[in-house]
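The data blocks that follow each hold one structure.
Each of the next two complexes has chain A plus one more chain, namely chain B in the first and chain C in the second.
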Partner chain A sequence: MKLAVFVSDYRNTVETLERLKPEKLGIILVGNGVYHATVKEKGNASPLLEKSADFYALSEDLETRGLSSSHVNSKVKVVNYGDVVDLLFNNYEKTAWL
Partner chain B sequence: MATTKLGFIVQRPPYKSENPKLALTHAIASQSVEIYLKDGDLVTADVAFVGDGVLNCLKNQKAMDIYALSSTESHLKNCLLLDLNVYVCKEDLGKLGLSENDIVMDAEEFGADMKVNVVPFDEISKMMEGMNHLLFF
Partner chain C sequence: MGKLTIGCFSSLVGSMNLDFAVKLSAAALEKGHTVDLWVSGNATMLSIKDQRAFKDYSSLEKPLKELMGKGLTVTACEACAEARGYHKDNTMEGFKRHSMDWYLASAFDADRVLHIGGE
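Then we have the complex of A and B:
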């Protein structure tokens, strides 16, 4: 299964993601999920970014929160709404929202 | 003559829900209740950002440009304009890899004299002890 997961929270989503084992996993950080891409808690990147997955963060949600691409971890690609639609249609079969 | 002291404690990050912004709108609104008070009575409001709540204070928020929403940053600046005491937990800022350079520290463009106080949690704790009512958001 090719699964795209929207992560919209900064807390309480990592454990759920641990249980998902699709053949291809895309993690799209939206809403407060974008903090996973930017915050270095105690100097460390979010444990979410240790997953074997392709990571994306929605630029609109970054900018709303006063964050820019320069804050974003190098593992994460910054995308806009149009890019997300393309990803869902072209790269993944199913989606989940955490 | 009595002063009622309100302490608003913001512990959640912004925008996912309306909750953190409500702390600020309530704190601001608390300053407009004078018409319901007796002469000499007063309501004061202090606002403290702790835990993930410190993320509300990041500067350059573009909520108005993107979502046509007034930003939490602008609400924070309005708090300063109304001379509310605003505290940000120093330890929690550091824990999230942030510093005073990353957050709103004043609202000079609004004409506010007050500045944000980045303080250890102990100081926020003392502030909380001095309040008549604490409201957590």
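Then we have the complex of A and C:
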């Protein structure tokens, strides 16, 4: 199964994601979830980015928080709403919202 | 093109999830997809008409009417709305009200479903 998980919050604990074992995983960071793509704690990136997945962050939510592509971890691709729609229809089958 | 069903069980005015659901609906319509948006719980406040738009406040009535004009189907859980005192005569024109089975039926024949949980 190809699963797109929307992460809409910034929490250090990501147990729910640990339990998900799809064939293909996409993690789409929206809302406060975009902080996973930019924040460093004690010099380390978010543990979320260690998962084997394709990572995306919503550009509008980055900008709303005063962040730009230059702040974003290189593992994460910055996308807009239209890109998210294309990802849903073309790259993934199921979705989840965390 | 396909059909996207979005279920939004978010919080009240100012909810980022509700904003997200409406903006994703707009992007999907723009791409030529069919979109059903279902709101439940506190998100049913979206259905109330004549909400005042303040500068620094999320106000979705105007964009929602535009999207309905472009073919968005938006439906509120009738029970959730009534439980909160949102009655039929106080509902935005074009905003449907049904019981939960409408959402299930919509999700059942959708190509993609996104269920946005509560806050």
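Heads up, the rule we're going with is that the second predicted complex is superposed on the first by the 96 of 98 C-alpha atoms of A that agree within 3 Å, B and C clash if a C-alpha of one lies under 4 Å from a C-alpha of the other, contacts with A are read in each partner's own complex, and residues count from 1 in each chain.
Keep in mind that, in the parts below, a residue touches a chain if its C-beta (ideal position, glycine included) is under 8 Å from a C-beta of that chain, and two chains touch if they have at least 3 such contacts.
The structure presented is a predicted model; accordingly, all values stated were derived computationally and were not measured.
Student: Touch check for A:88: first (chain B), second (chain C), both, or neither?
Tutor: second
Student: Is A:97 touching anything from chain B or chain C once the two structures are fitted on A? First, second, both or neither.
Tutor: second
Student: In the overlaid three-chain picture, which partner chain does A:60 touch, first (chain B) or second (chain C), both, or neither?
Tutor: In the superposition, A:60 contacts both chain B and chain C.
Student: State whether A:8 touches chain B only (first), chain C only (second), both chains, or neither.
Tutor: both
Student: Touching A:43 in the superposition: chain B (first), chain C (second), both, neither?
Tutor: first
Student: When the two structures are overlaid on chain A, which partner does A:31 contact: first (chain B), second (chain C), both, or neither?
Tutor: Touch partners of A:31: chain B and chain C.
Student: So which positions on chain A get touched by both chain B and chain C?
Tutor: 8, 31-32, 60
Student: Which residues of chain A touch chain B in the complex?
Tutor: Against chain B, chain A makes touches at 8-11, 31-32, 35, 39-43, 60-61, 63-68.
Student: Write out the stretch or stretches of chain B touching chain A in their complex.
Tutor: Touching chain A: residues 13-16, 52, 55, 58-63, 65-67, 69, 71, 73, 95-97 of chain B.
Student: If you look only at chain A, which of its residues touch chain C in the complex?
Tutor: Those residues of chain A that touch chain C are 6, 8, 30-32, 60, 80-82, 84-86, 88-89, 93, 95, 97.
Student: Any idea which chain C residues touch chain A in the complex?
Tutor: Within the complex, chain C touches chain A at residues 2, 4, 16-17, 20, 23-24, 26-28, 30-31, 33, 111-117.
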